[in-house]
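Going by the order they are written in, the chains are A, B, C, D, E and F; count residues from 1 in each one.
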Amino acid sequence: MMLSIISGINVTLGKNPFKMSELIKEFNDYRQKMNDVILSKNNLVMKRLWNLDTNTYEEGALDKKTKEMLGLVASMVLRCDDCIKYHLGKSHELGVTTDEMYEIFAVANIVGGTIVIPHTRRAAEYWEELHL
Amino acid sequence: MMLSIISGINVTLGKNPFKMSELIKEFNDYRQKMNDVILSKNNLVMKRLWNLDTNTYEEGALDKKTKEMLGLVASMVLRCDDCIKYHLGKSHELGVTTDEMYEIFAVANIVGGTIVIPHTRRAAEYWEELHL
Amino acid sequence: MMLSIISGINVTLGKNPFKMSELIKEFNDYRQKMNDVILSKNNLVMKRLWNLDTNTYEEGALDKKTKEMLGLVASMVLRCDDCIKYHLGKSHELGVTTDEMYEIFAVANIVGGTIVIPHTRRAAEYWEELHL
Amino acid sequence: MMLSIISGINVTLGKNPFKMSELIKEFNDYRQKMNDVILSKNNLVMKRLWNLDTNTYEEGALDKKTKEMLGLVASMVLRCDDCIKYHLGKSHELGVTTDEMYEIFAVANIVGGTIVIPHTRRAAEYWEELHL
Amino acid sequence: MMLSIISGINVTLGKNPFKMSELIKEFNDYRQKMNDVILSKNNLVMKRLWNLDTNTYEEGALDKKTKEMLGLVASMVLRCDDCIKYHLGKSHELGVTTDEMYEIFAVANIVGGTIVIPHTRRAAEYWEELHL
Amino acid sequence: MMLSIISGINVTLGKNPFKMSELIKEFNDYRQKMNDVILSKNNLVMKRLWNLDTNTYEEGALDKKTKEMLGLVASMVLRCDDCIKYHLGKSHELGVTTDEMYEIFAVANIVGGTIVIPHTRRAAEYWEELHL
């Protein structure tokens, strides 16, 4: 019973290791749930923007992996944790290695400065989770 | 007893539906509590800025509803979740409809890009809460 | 002949009154010229985003004038001078008055802070130009 | 037992006073833990940036206290809560008074606008914690 | 006659040394001219915000020089060139030395990242002008 | 004689085609001139940050071309025109094609929104110049 309660807790701080495996699931569940709410309102601009967002990362002159890395570094310098998590997940699926990932982190931190560090900490945490 | 403990939990992730009704109350309580702390320090610039903030949204050449919508879209593109919640509450009081609200969301997402989407998710969640 | 040379000068500083009437024309000309270059490259995402941008400000649950004001205040707090100019032009066409405009400026300055002031100066200059 | 579970909860909302004393410890613990993860990857740019970050705040033509205040106000207008907490801690160690601190808050709120207010609330909360 | 034309040219690029002495004068003239336009519209919020802006930098628990340095670093990380110029002028009046100034630049560049460098170039140029 | 005067003019607006070939030269000259001024002040943090900036884009787990593209998209969403120009120049040297470039533009515009469009116009102009 405690566990079912804990599953609703914001685990960002990650103090209790046994909760950490929930981090990816919670992110995905909340994202899906709220996407459903938003799309149910039938705002055409929102729907089309989301389709366009998907198209942006499709194979083209640049391959998918490069595009995901571009989306990730852009999200990092703009300091959007949820956007970062999304692109981390996709980058992992597309085979980005940890050495490559930390070079992306380095570009983001140099271009965007030390204010990117706290977001890099959360990105590093999520990246570890993706490799469990 | 569990419930009273849970009421202190950050419910942003909204996994447990029965907690969701706490979202608005917690936002307002924390906001009020910390405003009291800040104002108790008697920093004149802070006090006057807050008064001025109130004046900004008063009826003028533009009506209150329009001004709240302006404050909301500005808060969305600047990606300030608490500012968004505040203006969502005021917009709801002033009769903004859900169709109107999603057109504001659309402007914010087009102007500010897909990094606004995670904030739109949290805004959509809070907007639903306001209609319970 | 001097005048034709001067027409190529960045008149942002507006020191020479006789050049000011060029401000709106130059903005529109450069905008059109570069839009043509960009669209000629046939990047589908860019084309579709621009169409979507147009759709965003069409009459809907909110009227066009309100939507332009939303686009304007969003551009102001994000401090995008060219975006501001574009929405100032549209707002002027749609009958926004100077009193209304300065209330939009006020919201932008309160939400976004004194860093918005230099952009407000350039916005005020362009707004004057639109009324010559 | 409840307490050990609660210690992992994000106490940002600060509804349960008895949890508040955890705020500083949790910030420091998570920061240290993730720094260790990041540094373990041996990305040279990240390591050197972090060393450089430390050097930046060392005594020079400006004293340490002034430099921490500069780092704090920069973090506030960029709205980086974790950066703010870090510099609040350092400022407290270096003897910044509450009156001085609220004048820094005032500069940040005037320059950065009312979107800085929610971050000022969390800064004020953390500042109180530092004085318990 | 050529010179009077040149006086209207944006000298930001600073290619012609003999124009550089105009940089400070042009900044101040345009600032004053547009402030007059804005204030003539009698928007109360704008007027009060500007008064409050002045109050913010007055002697208090922190001295004027420290406050100007705070305003400067905040303007730098927010990358507002005109705000930077204004605070550079005030800092110069209040006796900030070049060594101190470059330590402020260093904090801004570390916190805000390499995107602050182009603004630092323009700040360095203006700082040189202030010492002619 | 007119030409030598014109060479000092900010050609951003690009109204006079014969001036356009100056765009790249002016950018590079001003950049070099101000870098010299800044480095002459011997601020150690600034010097080391600039060295680190160079290291960041060196061949590693990711190749140089990918890193330049990452630096470019980060600069675009942060809307730093001079940073964009620098990375456009480097990307051109490293063989990025126009189709690839416009896919980077597309990612930047989708992630960062329509406020990136004016910067994309200036980027497109500079990219054309690089191919003259």
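Here, a residue touches a chain if its C-beta (ideal position, glycine included) is under 8 Å from a C-beta of that chain, and two chains touch if they have at least 3 such contacts.
Treat the numbers as computed from the prediction; the structure is a model and nothing was measured.
Asks: I need the common contact partners of subunit B and subunit F, sorted by label.
Replies: A, C, D, E
Asks: Looking at A-C and A-B, which one has the bigger number of contacting C-beta pairs?
Replies: If we tally the C-beta pairs in contact for A-C and A-B, the bigger total goes to A-B.
Asks: Compared with subunit F, which chain's mean CA position is the farthest off?
Replies: B
Asks: Quick one: report the Å distance separating subunit D from subunit E, using the average Cα coordinate of each chain.
Replies: Those two chain centres are 28 Å apart.
Asks: What whole-Å value do you get for the distance between subunit E and subunit F if each is reduced to the mean of its CA atoms?
Replies: Centres of subunit E and subunit F (C-alpha means) sit 24 Å apart.
Asks: Hey, what residues on subunit C touch two or more of the other chains?
Replies: Correct list: 9-10, 45, 49, 52-53, 56, 75, 77-78, 83, 99, 102-103, 106, 109-112, 114-115.
Asks: Under the stated contact criterion, what part of subunit E meets subunit B in this complex?
Replies: Contact set of subunit E toward subunit B: 44-45, 48-49, 52, 55-56.
Asks: Mind listing the subunit E positions that touch subunit F in their complex?
Replies: Residue list for subunit E touching subunit F: 2, 6, 9-16, 19, 79, 98-99, 102-103, 105-106, 109-110, 114-115, 117-118, 120-122, 124-125, 128.
Asks: Can you list the residues on subunit E that touch subunit D in the complex?
Replies: Touch list, subunit E to subunit D: 52-53, 56-57, 60-62, 66-67, 69-71, 73-78, 83, 97, 99-100, 102-104, 106-108, 110-112.
Asks: Taking the complex as given, what residues does subunit F use to touch subunit B?
Replies: Answer in residue numbers: 77, 109-116.
Asks: Once bound in the complex, which stretches of subunit D touch subunit A?
Replies: Of all residues in subunit D, those touching subunit A are 5, 7-10, 26, 29-31, 33-35, 37-38, 41, 43, 45-46, 49-50, 53, 75, 78, 80-83.
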